[in-house]
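This report refers to the structure that appears directly beneath it.
Going by the order they are written in, the chains are A, B, C and D; count residues from 1 in each one.
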Amino acid sequence: MDSKHHLISEAYQRRKKGWDKFFKGLFWLAGFISAIFIILIIVFIVRKGIGPFLPSYPGGAYPIGKFLTGFQWRQDSAIYGVAFIVINTIISALGALLISFPISVLTALFITKIAPRSLSRIMTTIVELLAAIPSVVYGVFAAGVIVRWVDSLAAMAGFSTYGGNSLLAVSILLAIMVFPTMTSLAIVAINAVPRELVEGSLALGATTTQTNFRVVLTSAKSGIFAGLILGLGRAFGEATAVSMVAGNSMIGPTFNPFNITRTLTSTMLAGLKETQGLDYDIRFSVGIILMAVILVTNLGIHFVKDRIGRSMS
Amino acid sequence: MKRKLSTLLVVLLVTALMLVACSTDTPAAEAPAETPDPVEEPAEGLSGEIHVYTRDATSGTREAFEGGIGFDKDEETLTASAVETSGNGDMASKVGNDVNGIGYVSLTTDFAANNLKPLNFEGVEPTIENVLSDDYSLKRPFSYVTRAAGDFESDEAEALTRAFIAFITESEEGLSAVDGAGGIVDLSSAKPWSEVAETVDGFDPATDYSGITLRTRGSTSVDKTLKAALEAFQAEVAFEFNMDHTGSGDGFKRVLGEEKDGANAGDIGFASRKFGDNETVSDGMLSGEYCQDAVVVVVESSNPLSEITQQQIHDIIVGQLTTWEEL
Amino acid sequence: MKTFEIKDLNLWYGDFHALKDIDMDIRNNKVSAFIGPSGCGKSTFLRVLNRMNDLIDGTKITGQVLFNGQEIYAPESDVVTLRTKVGMVFQKPNPFPMSVYDNVAYGLRVQGIKNKAVLNDTVEDSLKKAALWEEVKDRLSDNALQLSGGQQQRLCIARAIALSPEVILMDEPTSALDPIATGKIEELMESLKKDYTIAIVTLSMQQAARISDYTAFFLLGDLIEMGPTREVFHKPNDKRTEDYITGRFG
Amino acid sequence: MTRKRRIYDGILNALTYLSSGIAVIILVMVLQFVFVRGWSGVNFDLLSKPYWSGNNTIEFPQFKTGAFDRPDHLGDDIAFSEKLGIGLSDGLDAYKEHQVVVEYLDPESPLHHGVVSTAGVDLGKELGLSEGSNIVNLMLKDTDDKIVNVGAQRKSTAEETVAAMDNISEMRKIYFKTEGGGINGSLKATLYLIGLSLVIALPIGIAAAIYLNEYAKANRVTNAMRSSIELLSGVPSIIFGLMGVSVLFPITQLMGIHTVSIILGALTMAVVLLPLIIRQTEESLKVVPIDLRYASLSLGATQTQTIFKVILPSALPGILTATLLSISRIIGESAALIYTMGTFIADRPRLDQGATTLAVQIWSLMSGEQPNFELSSTISIIILLIVLALNVSVKLISYRINKKWSVS
């Protein structure tokens, strides 16, 4: 037998092992860089955001208690209370989910189980297209169309609005924006439900519809909740489009859907580039609150999900 | 339990549909104490709650407006139900879309395009003539300040900055461009640019300035007049410009203040007011005013109101006058 | 001649004791078959011989594994060189998604051999040895995934022998193939054993009986017995071997 | 199946139809909204036209008036000067400002033969008026030897401008603007941004995915890495914008860039894209059968060789998908870029200076004094078409992946 081993050069072997180590290091470095950014972001925002409450802050510390519990946000009088903004943000996001969640779950069910094949393909494309529309375009749409709806709806209900800029407009806008996210995750979750479960239910004499609503949806709930969390994150974090229709009220909280509101992101964005000193730095404090709100609601949903999961099984 | 879940879904859906489908159901409004009761017929325009629109705290228009109506910043506060807008255009489009709105914009604003109606102030119509004759008192200057001498990116940029300032303050071409864009200027002492250009220190029309970018910063109200002037200057000297305008507060800050070396630094800063005491414009190479503008109180165009007094608008701003009936 | 000598080999996956006190010799230019019920550790044992278990997190090995008298788990031992000498063929045909030629040349190329003539010769030679040459000589640049399952597995064998290893490890090489393709692979093994030492894991006792010179029976991580195939099948020393072979359990 | 059951099922099914119907209606409304306002503006000129008008002053050293006949095809709304052979109309520019637009220019018109008087490299070059130009200011001496200025800047109508022209004795100079309102600059800036962001993000993202999928052991450090990257994907883009101007700006300052810039935008977008690229690449790495790795390693390849020669080529379609999705994301992004690239629409974007992408140009147009719905909608249509094309490509690629692995 003619061995090839004499052709293998020692130097090449050493070299390739050297490259192997080098690339392993490089890959690790890339992973490290990717992971470190979130820490950089958090450190930076927290450092900036904590600043205004420390005694060393130039011009004196802003009382943190007043910041966390205040119900007014007025840069002209240097009053910064974030409590009502948090409430507004949560209300507008929940409002959006209230509209969007059932629609997206039912649409996902329609696409995966009920629609004929051709229709389902078209619907999938529609959902993907909605997901791909840039948020600026939604903002333009909201400022041009949604505010009109709200305005005429308010007129019918006997309210006057600020040109349609309102809590309801924000919620409708966000509902449209989170719809594709939640729907596509629900589709994935429903598709992952094992066939046997469905067949098992049908074999027991359940109708297809019963099976869809009882077996499929409950089995897919973990994925559907994942979509809900993602949707909520997007609803909390959306800035450009929301600030086009929020109206930025100085006091709150806003419960009347036709009244103007102020969300955490619209607060951060409003005149951010025009400002300085405390008024600028305190927006980073708002950034911390935004991250905290996203985190806490995520945990809350996980908790609720576990509870539902347990009571169902 | 499963049945409950699907029932829940159905209920949620129906609620959602009702919200989306523009139904006539009265929503369960829990209006907070601050919000006055809804009125019966808001469409009339003369009745109902007044919606006050204001600009952000760094706006020069706001400062000029508040000063002009006798609003004492230290003693009084703006009504808490005011809506804050982010720029002159934002203000114009928001008030134009709200039949109950009242706000204030620059005289350069296109009132018709924004569905706005300008109001006479103290019986005087906001016109260029009335501003020049000092009859109209709600007015403010458009001010400029440049970077400190020697602090420009290049000598050419410095010379070009000098030339541009001379162009908009002295030359016929520059002043008529500002005038054409709605700025209020006195054209009587203007000289042709060809004459003015010779007096500018360090500026040589034979030099190629096409690689130089003039960066202008500051007030959004100066946008329109400044853009016209920059373009007219481009017709005289080939160069580039970059207008990134965000508010009067940034005018000083980005050429001489804390952001002068930041990401948004500029060569010339503008304010739609006089620079303040803490804005030390004397540090700059050049500073001054290039035109006048009037602040105009505006309402939506279908509003029957056409006159307003200083006292009335003051009371509206501080929240003592809250409905159209009281006017 | 012993190619491999294994002494006191123990292997754990985490807490699971997968191989227990294994002692075994593998003779050169013979076919050794490892049989036993699923999960008995025979595949794990096969992977000890070219250190493929290194890739699984939490694997711990004690004992001695000598290849031509050298401890392959010694710190100075080089796993890459070892694998050029101990080739492997897997359960499911797994050609790379590239051309037939590139598949066979892969092993040489990753050792830095770029000489066109050497590559051409080796590819032809290996495909001939794997009894595939006639079938693919006109489609060397076709994607290997277009071959039939049996052809793919022979390609994998060609790929393994292109490096002229001393040992070829085969992990249930025919379990994914139909009987005709299986027959061809078995014929191939017969012809390969004059050049190579072969260790094969198989679930089919008939296959072990047909092709192997030695047979080892594994049960629950223990090596129950190993001997010439004829003896193991006809006069097993251990009751459990006999039970398994006669189909009484397993 | 009881009657009640059937009705109940029917209602439930109808609800799903209804929900999907709402989705369709929303899409139709959004599309209708942008198409009604923007479709008329969609043409190829838009892609090549600059946003800002060119500003030129020209003089006429040898000026002679002529006698021209009004061509028959000119509409009634066009004023025609018989002395200069030019047809003018009143128009509106992108800011809805009044313009005096050149609609027709006789081939023999003296206005073809001007000379640039703008100081700079073009000084003295020949340049004439052309159709589509906007006459901002025209200075002439009339038959009474009086200097007269007409044009858009002087708020003259086309009619008044022509009247002045027909009373001319001597032409002084013309300040005119070329047509603007295009998106050429933003289009280029978007392409630069896409290229640069991908050049930065793809290698890092792919390498990180390789580390996580091929090397990382299942331990706490790896978990921490994974959740960090996961968290990164949940950060709102406004926060990325803040990160860009504070964490990354010093990096571009080291390169000598002291302003917002495309480079800063690209660095920021690279961070935004990392989680997306890592996730997509990992997905496609996971699909590559483990057997291929074993086969390669059993042939004496190192892990690096295995990755570059076997795994990455197999994962290529997935990486391509990640690339296309990244492009979609860059095209749609606005909040993060407003802070890192500024909002000034640059016609000749440079990497070390600020510029707007198509999406930010929309933002810029909408937040200006006169929100420009028409051009915004036109740009939206273009963005939608690009995104649609990218999505179709992603579908085709994933179809190919599925086909490839189902053969074996």
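Going forward, contacts are C-beta pairs under 8 Å (C-beta built on N, C-alpha and C of every residue); 3 or more make two chains touch, one makes a residue touch a chain.
Note that the structure is predicted; figures quoted are calculated from it, not measured.
Chemist: What chain is the most remote from chain B, judged by the mean position of CA atoms in each chain?
Modeler: C
Chemist: Looking only at C-beta pairs in contact, point me to the busier pair out of A-D and A-C.
Modeler: A-D
Chemist: Report the inter-centroid distance (CA atoms only) between chain A and chain D in whole Å.
Modeler: 26
Chemist: I'd like the Å distance between the centres of chain A and chain C, where a centre is the mean of that chain's Cα atoms.
Modeler: Chain centres of chain A and chain C, defined by C-alpha means, are spaced 52 Å apart.
Chemist: I'd like the Å distance between the centres of chain C and chain D, where a centre is the mean of that chain's Cα atoms.
Modeler: 59
Chemist: Report the inter-chain centroid distance for chain A and chain B in whole angstrom, where each centroid is the mean of the CA atoms.
Modeler: 34
Chemist: I need the residues of chain D touching at least two other chains; which ones are they?
Modeler: In chain D, the residues touching two or more other chains are 12, 15, 18-19, 22, 302, 305, 371.
Chemist: Find every residue in chain C that makes contact with two or more other chains and list them.
Modeler: 80-81, 84, 110-111, 163
Chemist: Residue numbers in chain A touching 2 or more other chains?
Modeler: If we look for residues of chain A contacting two or more partner chains, we find 16-17, 102-103, 106, 213, 273.
Chemist: For this entry, which pairs of chains touch?
Modeler: All chain pairs meeting the touch criterion are A-B, A-C, A-D, B-D, C-D.
Chemist: Residue numbers of chain C touching chain D in their complex, please.
Modeler: Within the complex, chain C touches chain D at residues 50, 52, 55, 57, 80-81, 83-84, 87-88, 90, 92-98, 106-107, 109-111, 145-146, 152, 156, 159-160, 163, 169.
Chemist: Which of the residues in chain B come into contact with chain A in the complex?
Modeler: Touching chain A: residues 1-3, 5-6, 9-10, 12-13, 15-16, 19-20, 22, 24-27, 29-32, 34-35, 38-40, 42-43, 48-49, 51, 56-59, 73, 77-78, 80-84, 86, 94, 97-101, 246-247, 249-250, 253, 258-259, 264 of chain B.
Chemist: Which residues of chain A touch chain C in their complex?
Modeler: Contact set of chain A toward chain C: 1-5, 7-9, 12-13, 15-17.
Chemist: Can you name the residues of chain D that touch chain A in the complex?
Modeler: Spelled out, the residues of chain D in touch with chain A are 1, 5, 8-9, 12-13, 15-20, 22-24, 26-27, 29-30, 33-34, 203-208, 210-212, 214-216, 224-225, 228-229, 231-232, 234-240, 242-243, 246-247, 271, 274-275, 278, 302-305, 307, 328, 331-335, 338-339, 359-360, 362-363, 366, 371, 373, 376-377, 380, 383-384, 387-388, 390-391.
Chemist: Inside the complex, what are the residues of chain A that reach chain B?
Modeler: 72, 74-77, 98-103, 105-106, 147, 149, 152-153, 155-165, 168, 172, 175, 213-214, 217-218, 243, 247-260, 270-271, 273-276, 279, 311-312
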